[in-house]
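Two complexes follow with subunit A in common, the first pairing it with subunit B and the second with subunit C.
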Partner chain A sequence: MRYLVRRTASFVVVLFGVSTLSFALGVFAPGDPAELFLERALGRPPTDVQIKEQRHQMGLDRPLAERYLAWLTGVTRGDLGESWSTGRGVFTELIEALPHTVILALAALTAAIGVAVPVGVAAAARPRSLVDHGSRIAAVLGSSLPSFFLGYLLMLVFGVHLRLLPVVGASSASHLVLPAVTLAASLAATFTRVIRSNVLVSLSEEYVRAARARGVSEGLVLFRHALQPSLIPFITIVGLSLGHLLSGAVIVEWIFSWPGLGKLGVDAINNRDYPLIQGWVLVMSAAFAASNLMADLAYMWADPRVRLARGAEA
Partner chain B sequence: MGQVATLPRHLLVLAALLAACGGPVPLTQQTLSVGVGADRFLTELPSRPDLGKYPLNAGVFDTLVRMDERFQVEPMLAERWTYDRAANTYRFALRRGVRFHDGTELTADDVKYTFDLIIKAYPHNYEELGTESIHAADRYVVEVTPTRTNQRLAEQIAHPIWGINRQRSDPLRPVGTGPFRFVDYTRNSRFVVERFDGYWNPSRVAKVHRLTFQFVADPQARMLAARGGQLDLVSDVPPSVIPALEQPGSNLQILRSDVGTFDALNFNIHGGAPFTFGSDPAVREAVGLAIDRLAVVRAAWGTAAEPSTTWIPPAVLGQHASVIKAPSFNPDRAAHVLDAAGWRMGTDGIRQKDGRQLSLAYSVTFPPSEHRTAPEFIQRQLKDVGIETRIELMGDAGVSGARRRNGEYDIVHLTGNQNEPYPCFLPDLQYYSKSMAAPTRWTAPGGATDTAIEACRAAADIAEARRHAADAIHQLVDVEHILIPIAGLRRIWAARMNVRGFVPHPSDTNQRWEGVHLVR
Partner chain C sequence: MIADRDLSRLAGATPTVPEIRRESLRGNAALRIGLAIVIVLLALTMAAPVMSPYDPLSTGPAMLERPSLLHPMGTDALGRDLLTRVLFGARVSLGAAMMTLLLIVTAGITLGLLSGYYGGWADAFVMRLADVVISVPTLILALAVVGFFGAGLPALVFALSGVWWVRYARLTRGLVLTGREHAFVEAARALGAGDSRILLRHILPQIMRSVLVLATLDVGNVVLAVSGLTFLGMGAQPPTPEWGAMINEGKDVLFVAPHVMLFPGLTLSLAVLGCNLLGEGLADEIGDLGSRTL
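Up next is the complex of A and B:
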């Protein structure tokens, strides 16, 4: 319990640090947000008087400490301010985009696990076989190809030449396939290698030999005796991969016109929309920190040895 | 045996189905998908009546007058108009029997409502108009009295932003009189319209049933979606892919507009140290002479642009465009001008004067991709005459705007659009010395340029306005050498081979859609 409290406290500290940094980002980045806002709003360069008025309206002429305190107070109440580019609440913008990213991330995660588990087990069952070599080459390719390149490649093959799948948009389930596969590729590569090596280690354990000696079928040996214990460290890897999914989604969502958090972030940066950028950074960091915390807790829950050791530390 | 007997029957059904699928879709049922850039409605404030009008003009609205593909004003909802010089009042006579998409008739009250809404939404853009300026004289006549003399109002309100809304309609569910009626807008995804069968102009009733504008920010993805058949028509084709798409066997056709966008260099003539090179007329003249704009345009844009001498599209200036000569490529003359001004070639190939190297801060406005590779080519050509340039690619619009506002550059590379037929729109915006816009203080020479701009505003007819606009640009390009036109850019669209009736407009905000359709 004490461990849980300590980890939660560190989570709050991380969020505070991130919120401070994201506020500083908006303050110290070059360029004048008021001028940019006006130029976009008016469709022409603003006058000095207009810029001064706008700075006042945006509160940019208030002391830094006052602005920071106001922003921080707002954050604690869930008020992330108003987007300068859309005039809507930042929280609303984030909440509207979030489901799209969650769907994409879940689809990518499912695809990655769905590929990695059978391929990893098959490669471990027959080391140095064709399957093992093939999965290694695929893993190297999957983890080394940049997502934008893979995305275009998939568009070209499945969208242009085979015409099997739509290339852009988010209006049906088929639109999900290419972005999810693009996002899943490097994850699947990592997962496959982790599963393979863990299963390989398990297969050399005494209990596996004992099971085989008892005449347990090879399938049961592989999937119950070797794979099950290998899944415990895998939980951590999956938890940590959420960060990869969120960061990877920025590029993938952009090229596939997927209206999720990643695309929202790029749009916010292009528009110099500081309140939205600050809110976006905060939410992404919170998601990343929360996923780490959850992975840690899940690991504790799954492995009694860890629970006992952490309990003793506390 | 029974299975064998049913097989021909199945084949017959299949053949019938295939025949049905393969037949031409009647125009009345056709749907067309158009890929456009990022959703820029997002960045418009919610209080503005811009949805469906600007920046994407989806054909939902009509304006009182419109700008055709040759930048000429033509009547639209206003059948005719007059200007009373003494009273400084315009009288627009509305077309009768025009219906909004909700079935109600267009009246002068709708025009007043819309104009008041726009003036309120853009208080600083239309300072010569106040809410008291607009008056519904009777059911079909609108009077507009600017707060100061403005003889160019008819050209200014051709901009699609002045599209007429049904009074008191929800701007987020736009109701206009255009050839298409609004169906759906999904933020960041699509804008959908359908043919309006009750359109007032029978010769311009839309041909297709439905148009879906899909927002696809990434140009490569847009192209791939068109090649894959997901989109029928896509905007802003990257110049680099045009040659491949024009090869035999391509499943897309390239459609080009006339020139509608400019690409030009602009000197900072009033800069403080160290940005003082632009105050030397010899440096300005030499830069213009050292640039081979034909080579720059061919290398950077290929067939998507043409060398420009007039800065704004020549069609806007009419016959007066020939007044502007623009410096021709002549590196020897450039060297001579610099020598005569005391800029001597240094041992490192860079000229110097009084111990100061001729090294210009060359600011490339955001997004730098618009200028393609032109800055690098220009840098190379200037180096040949001993002028060093330090290219500064602006990382985002914020930095770019701040540099221009603060005058922290010697030369700035700009692009811009001619979205209205008012010939002095751009000279007035960028080079009028009494303008309050911050960037103008570094570029406006005053004197004869101001005189020409003021004469353009006060011109009694459009021909006279064009003459004064050409005079103003002549001053900037040929006399002061502050402005160096580089390229006139075309709008490049790609369409599937079966798309017909699409005429690209040089100003994309004035694009028309009613003629577009598919053939088998």
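Up next is the complex of A and C:
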């Protein structure tokens, strides 16, 4: 229980740090935001009077400390200002895009684990076999192919030549396939190697020999006795790869016009939409921190040793 | 873009003995193949102006032409020779990546030394900054920095190094702290060596070796990050030939002339593959060396 509280407290500290960082980005950015805003709104260079008025309206003439406090208060209320390009609330924009990114990330994660577990176990069961070498080569290639190359390759093959899958957009479930596979490729490569090496170690343990001696079937030995203990360190790896997943989603969403947080952020940057970029950094980091928190909790729940040790501490 | 290989290293429980032997053999093979790829690519890059009769920027009448003897990789939408652009693109992509890595290593070591050696508020400041920077996914923070400071290759290099130094600084700081307790450092101190001498002559070489391992493992990732951000339009601007930018240009004609995207994409993948293999092979070698000398 105490662990839970401590872990949640550090989550809050991270959020505070990141909101300070995104505020600082706005302060240190070259150029006057008021001038930039007006130039966009008017379509021509604004006059000095207009700039002065706009600065006042945006609160830029107030002292830095006051602006910082106002920003922090806004953050706690979910008020991140208004987008310069749409005029809508930044928070609303981000919340609307969030589910798309969550769906894409979960689909990619499921696909990666779905491939990694059977292939990793098969490779560990017969080291130096065709499966083992094949999966190793695939893993090396998988982590070297840039997603923005792989994505277009898949588009060419499945969307154009085979005409099996839709290429861009998000109007049906089949639209999810190509972006999810693109995002899953490098994860699957990492996961397979991790499962393989952990299962290989488990296979040399006494309890595996004991199980085999008792006449337990090979399949059961592999997937129960050898795989299960490997899943605990695997949770940590999944947790560590979440940042990778979020970063990867930015490029993949942009390629496939998937209307998630990643595409929203790149569009915001291309539009120099300062408030939206600030809110974006904050929400992406919050998502990252939240998923790390969940991975930690899952680890705690999965490993009785950790669970009991930390339970006793409380 | 965070090193996948680092993750698998973290995860691998103690390897068995036959596993270790096989791993080191594979490491050497990886080193050889990676080195071959990187050397060939670098040689082609150097030779680009001599080899190619074309200018990477000059447009021509033959647009979106398929690969032929005249244009081995075909031409792009503006009639520019793709092979020439891919070769010149290597200079931009790999050059920017090397520059970024150099800045990352310099910033990381400097901040780590500062923090580990001076301690106190400098340590507190650098480490808290590191905590915040690491809590934003790398690519996302780099994108935001470019978003505020404007796109372009210099901005990109600056943004990436500004968000990538954390692991290097933490490693350096850790080594400074533990380095103080090594017997040879105590011996040097007993012999009357001053703080700066100990830091430069005894602790820094130790640090350089570990940082080098981390950096060699990161080369492929940095190349990917530079091209990825340029692909998104944050780095080198047209008409500069850069692999990420060329893939971006290729996507517009993907369905009529896929070769415009395929060739820069394949070259980039090959370069990343070479860097990854080389990095892994080198890291194994240096790592072994490190553990032998200690």
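We adopt the following convention: the second predicted complex is superposed on the first by the 307 of 314 C-alpha atoms of A that agree within 3 Å, B and C clash if a C-alpha of one lies under 4 Å from a C-alpha of the other, contacts with A are read in each partner's own complex, and residues count from 1 in each chain.
Definition applied: contacts are C-beta pairs under 8 Å (C-beta built on N, C-alpha and C of every residue); 3 or more make two chains touch, one makes a residue touch a chain.
Here the structure is a predicted model, which is why all the values come from computation and not from measurement.
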Do subunit B and subunit C fit side by side on subunit A after the overlay, or clash?
clash
Considering only touches as defined above, state whether A:W254 meets subunit B (first), subunit C (second), both or neither.
both
After superposing on the shared chain, does subunit C or subunit B touch more subunit A residues?
C
Given the touch rule stated above, what does A:A9 touch, subunit B (first), subunit C (second), both, or neither?
neither
Which partner does A:A29 contact after superposing on A: first (subunit B), second (subunit C), both, neither?
both
Contact-wise, after the overlay, does A:V168 reach subunit B, subunit C, both or neither (first, second, both, neither)?
first
Which partner does A:M294 contact after superposing on A: first (subunit B), second (subunit C), both, neither?
neither
A:L69 contacts which: subunit B (first), subunit C (second), both, neither?
neither
On the A-aligned overlay, A:S85 touches which partner chain: subunit B = first, subunit C = second, or both, or neither?
first
Quick check for you: in the superposed arrangement, does A:R272 touch first (subunit B), second (subunit C), both or neither?
both
By the touch definition at the top of the document, which applies to A:L156: first (subunit B), second (subunit C), both, or neither?
both
Considering only the stretches 5-13, 23-31, 59-67 or 167-175 of subunit C, report the one that runs into subunit B.
59-67
Of the residues on subunit A, which ones does subunit B touch that subunit C also touches?
29-30, 152, 155-156, 160, 254-255, 269-270, 272
Listed in rising order, subunit C residues that touch subunit A in their complex are 1-2, 4-5, 7-8, 10-16, 19, 22, 128, 131-133, 135-141, 143-150, 220, 224, 227-228, 231-234, 244, 247-248, 250-251, 254-255, 258, 261, 265-266, 268-269, 272-273, 276-277
Complex contacts: residues of subunit A adjacent to subunit B
29-33, 35-36, 39-51, 85-88, 96, 152, 155-156, 159-160, 163, 166-171, 254-257, 259, 263, 267, 269-272
Listed in rising order, subunit A residues that touch subunit C in their complex are 14, 17-18, 20-22, 25-26, 28-30, 128, 140-141, 143-149, 152-153, 155-156, 160, 186, 189-190, 193-194, 197-198, 200-201, 204, 233-234, 236-237, 240-241, 243-244, 246-248, 250-251, 254-255, 265-266, 268-270, 272, 274, 277-278, 280-281, 284-285, 288-289
In the complex, the residues of subunit B that touch subunit A are 35, 38, 42-43, 45-47, 122, 124-125, 187-190, 214-218, 220-222, 224-225, 227-231, 396-402, 404-405, 429, 436-440
